[in-house]
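Heads up, the thing below is written out as structure tokens.
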């Protein structure tokens, strides 16, 4: 039965065109919100079916359990960012920073971005997967450079160039993999389709796969923000409009991760242990460097970007460990991070618009100036650094637990050390902004379109941390078992 | 108990507090009162835990909603319910003092956080699944951190937060390690994992547990946050932090080390190391408390000292497991747990005392208080009880537990290789106990006795509503001293139930004949009141006159100063203090210089400052890689690519 | 019942005799210094006189100031009920070495608070010095008692110790016991403010410790404090006599035993007083900051006692 | 075509591409650089035709044709135009001297040979010898991006990397499925266009396309 996977692309693309045709920026924003909501609605039956263990596969499309998780995450993050964009951009329009036409263009690109990211998760061929990932870069480049300030242009330039280099290297990896699969499968046009590759994985040539995976992890790792290929990330995150930063951090990085995971699953069968080693290595490096960067950052959005690097590192470690427990933790951590990071970005966005600066040393008296934002920022900070009862805590300790029970004590110990450093830097920087008198001249942003997504995200991350319905847990476990080859 | 009632009891205890969390967040004038009363109700219910246990046995309940790691369940056994009860009473007292205290934050959020803390503490003490325990324990840290934020004390609170988080992660790791060996997440099914884990792994876990919980209890060198935070946080936060959350740490540490991991006789060396660490902590706490000038800082170091004694007892328990009789092990563990309980009662009383005194005088420095006993006799009596209990003076509770500590140290003779260690242990308990007593005498003497030491007069007297909870705690100090042997017996029973140490009553039976607090108290009281009664009957004239002044009128400042008071001891232990002599210009006169001595915490100056400098230096070094030059960024990619390719080729 | 009566009467005897021994001490000291000295009964007269006199209380002192003498006296009464004096096993249900140490702490603690009452500089100074000494005394006191209890099988009940030591015979005059006893003797001197730790007969501002704390007391309060301190030295002396060298103490309550017990105990206490007098005559008071050396020596002695207990 | 002849032709093309990469490293003028790139692309297109002819995979003709249109003609022409319009200057700014660049390029070629050597055995296409060459072209392209300062030269480096990549695709698998291949190609085109757009924006904003001014975002 076909469930209309195409709709996941058609709806946002249509919405993109529609939002360009809208009379005002605000109506375009409504279109974006409606589009994201529709995407979630459409994806639900597909994802539920996929999570139940039944993959959807026809034409170009392939949706299985793993993709379902990412589709849902992108859907939710997209919806929240669309809502937040409404208030955020109208404030920019009020302050004459951008025009109403810009706002419409923004929403067009926003919807295209959503479409591109969704398409990453639903295509079958690894070659097309590469194309879609490249498209996400191209579309988001316009969003990153949306404010045509010099610094934004600089960030976009770096983003484009570095990611293009990365993605080119990724394609080398795909080529090498294709070489080995066509060796086994002959001249099959489906030789790049993931299910086919996965079936044939055991027969693939180990040397080729090793080399392919090196290229893949460097190539897509650039996009995912693994150190030392992460260099574009803080620039792009800090210069783009806040809702876009949230999207980049909580959805786009996941897309690249998704691609790596697909390859890792193949590589794990073909060359057991090799991909894991690289994942742990890069994960640890990312975690370490992110910890250092967080300790010295002054710009709030750059700090959040480094925090994304940190979490991507933790997730990579989780998948690298590869036991069902660790993979379960990593999957959970993907969700947890994606539900928490936008919350922090949005509250940071309020601070930035309210105080007119991104420099954390210049922000004081947040608790009295913007009580709601301060509360959300505080809660989000506690959540993102991994304190209970928020979900990131559960993800982190599950991954740690995976490391410990796999006997990788050194991995666990190092992870803990860096988590502590991140914790120290992050909380110091954020809580320094809280006390003090009401800041004069701060223009407190208000509005339901800002507070609602923040409140929703807080509730989601809280509930995810506290409770997990058996259905969700079973679905995640089944992915974990499948991923780690335990089935 | 019947399952239905278990659930009912737990919901009667926890649900009001959950509502309290929500209610406190409502922006309303009555939010604080409403939230605090809900929390009070919960604490009242919590206080019933032990009576209910005696009536109906273990309370166990599984929450209807599961976590990511399976169900949340709660098991309130013998030991947990006893500690929950006492902690709840303490909580209740602190809470009711908070309602009227002038210095307590007025908004509802504080009460809301108190509710959170209560829930977290109770759940941590009776968690039966790993996830619940870890979550609750970390939430305790979180709630105390948020409760301690006040004004500009961000740095102190942050230090606490980071150090506690380090500890929290250590605890988490140790539990994860245990979980990887145990089958299942249910804590009550874990026992004697050391047989599965092997000695090195279980030693590692025990070290992690000691250090992890030690960060909260002030184990050296993780104690640096304590003085700053205690002195800058709201009184009630410090009170709850040093009592209730310490109880949680002690209980969970105890259960994990002696129940879940189980101690085996190969851990001799580890036990000695832990003993040394906790002894050093105890002496350090006592030493540093002598030079502090703020009552709350004294209390911080005193908490450190007391908790170190508890840890000392636990490490002795490990030591004794190598050849000691089960009775002896039980006794020393009872001493530790009992001391923790006692500490929570007398320390909360003392914290409230200090808080009330600060409210009344508006001063935070001991140097500027004084003469409160004459103004508020009832207050001074209650506080005297606290001070006497802390100084381990009979017949109050601190005496009973320190007595048991010394007794078990003395009784441990003849065990493998302990000839030198035990006497040193006795010396540690003796010297740190006495030093602590000195510093409490100083605390009480300079706060309550003598003439007021500043021109500022006491602005308001302590109210009955503030005094009432303190009276309750004072009575508890007395009662726990009088009924010490009974409580020890119950604790011994609890220890038998939650560990694998075989229960052995021989020592306890012997004890009942030796430690006879009621008898001591009786004789003491009879003789004191008989003599004072007699002297009332044969009353002589009594006149009031000024203190002998050698002919010069005495002013406020012409009294012995608190710094001078401890100076002889400081001189004796001089090499250990990190005191710095500073020479500065005197503002009042150009030609004069002013000498002052600053007591800097050496661990902060010599360990933490260099460490953080090192970390920041490293971070800046790493930060330089992000130099803004896109060419370098391409370079990183090229280098990584080539390196990995070559590595894959040749390895 | 006889036990209770005997116990009460031996405590009464101790209380009654303590001024006498204080008088003997003073008299001996005077004779050694070639003075005539006052009568051995002078302390009785002093105390009686103080009880009769009216009291002057500082304006700055609180209720605690008047209360402290009673507590100090009460704790000494309690201790004299606990200590074996003539008969070994009267105090069984509560007479415990560790409790004893802590009751001494109570006494000292109260006295120190008394010194701080009234806001007098002398009081503060006395308290401060007293506290320094007590910190240094405490470990050696505990350790010497630990050695004692270790020697007799680990019991800390006081009435268990004399029979155990006597049962072991003379071989028990082992190094451990001698070392522990000498350490204990040093703590006796320190605890009771004797030379070289303190000079009980001076009121020089810069040197006094014990007297400094009492400086604001007068009349009945002072009388009680003086009496308590005489009782304290008596208790210490009888601890040495009954616990470290118990030979002669009555193990049963037969009249013959009791007679021997009384005689031997009085003799032992007398010997100790003479020894103190001798020391006080031949030594000068140490400088305050030389005292730690002496107390460390005492600590070392008690530690040696512990070690020799196991090694020798 | 005869297999031997086609094999020789392929080898010739590949070697020429590598040589052009080296040549690009030595150029000091933008025009020369663009010419080198265009000629390299020309060889790539030719290679595609040869492979298509010898293996009978007709989709490779399409690919070759597109390469010819876009990379040989379109992009170099557009870039030359832009360079003139932007007064970008004729010099190629390099952070490293020519001898150094050449030495490192040579080292990269050796690395490429070393790492691809075990792969030779596993691939059984007639073009498999090209693998090392394509890897070299990729690495040199990346190295060019490391050493060159101007936005345009960086873009050329990227495009040369892609040439190497296409060479690799052909050398080990005769090309991917057509859908993928065409998609990839248009993607690359899009990248070029968008990079061009942003290069324009940058040159307007900063009055230069020297990327060394783009260094303000850093820690």
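Going by the order they are written in, the chains are A, B, C and D; count residues from 1 in each one.
Here is the rule we go by: a contact is a pair of C-beta atoms (placed from the backbone, for glycine too) under 8 Å apart; a residue touches a chain by one contact, two chains touch by 3 or more.
Values in this document were obtained by computation on a predicted structure and should not be read as measured data.
Peer 1: Looking at chain pairs B-D and A-D, which one is connected by more C-beta pairs in contact?
Peer 2: A-D
Peer 1: Per-chain Cα mean versus the mean over all protein Cα atoms: which chain has them closest together?
Peer 2: That would be chain B.
Peer 1: Can you compute the centre-to-centre distance for chain B and chain D, using the mean CA position of each chain? Integer Å is fine.
Peer 2: Averaging C-alpha atoms per chain gives centres 68 Å apart.
Peer 1: Any idea how many Å lie between the Cα centroids of chain A and chain C?
Peer 2: Taking the average C-alpha coordinate of chain A and of chain C, the gap between them is 77 Å.
Peer 1: In whole angstrom, how far does the Cα centroid of chain A sit from the Cα centroid of chain D?
Peer 2: 31
Peer 1: Nearest whole angstrom, what separates the Cα centre of chain A from the Cα centre of chain B?
Peer 2: 42
Peer 1: Counting only residues that touch at least two other chains, what does the list for chain B look like?
Peer 2: 623, 626, 630, 634, 637, 641, 645, 648
Peer 1: Specify, in ascending order, the residues of chain D that touch 2 or more different other chains.
Peer 2: Within chain D, residues 115, 118, 142, 145, 154, 211, 214, 216-217, 219 contact more than one other chain.
Peer 1: Would you give the residues of chain C that are in contact with at least 2 other chains, written as numbers and ranges?
Peer 2: Not one residue of chain C touches more than one other chain, so the list is empty.
Peer 1: Which chain pairs here would you call touching?
Peer 2: Once each pair is checked, the touching ones are A-B, A-D, B-C, B-D.
Peer 1: In their shared complex, at which residues does chain B touch chain D?
Peer 2: Residues 623-624, 626-632, 634-635, 637-638, 641-642, 645-646, 648-649.
Peer 1: Considering only the defined contacts, which chain D positions touch chain B in the complex?
Peer 2: Contact set of chain D toward chain B: 95, 108, 111, 114-115, 117-118, 139, 142-143, 145-149, 154, 211-212, 214-219.
Peer 1: Give every residue of chain C touching chain B within the complex, in rising order.
Peer 2: Chain C residues touching chain B: 52-64, 67, 70-71, 73-75, 77-78, 81, 92-94, 96, 98-99, 101-103, 105-106, 109, 112-113, 116-125, 127-129, 131-132, 134-139, 141-143, 146, 149-150, 154, 156-157, 215-216, 219-220, 224, 288-289, 292, 299, 302-303, 306-307, 309-311.
Peer 1: Contact residues on chain D for chain A in the complex?
Peer 2: Where chain D meets chain A, its residues are 115, 118-119, 122-124, 138, 142, 145, 151, 154-155, 158, 161-162, 165, 168-169, 172-173, 176-177, 179-181, 183-184, 187, 190-191, 194-195, 198-199, 201-202, 205-206, 211, 214, 216-217, 219.
Peer 1: In their shared complex, at which residues does chain A touch chain B?
Peer 2: Its residues touching chain B are 157-158, 161-162, 165-166, 169, 210-211, 214-215, 218, 222, 228-229, 231-232, 234, 278, 288-289, 291-293, 295-296, 332, 382, 387-389, 393-394, 397-398, 400-401, 404-405, 412-413, 416, 419-421, 423-425, 427-428, 431-432, 434-435, 466-470, 473.
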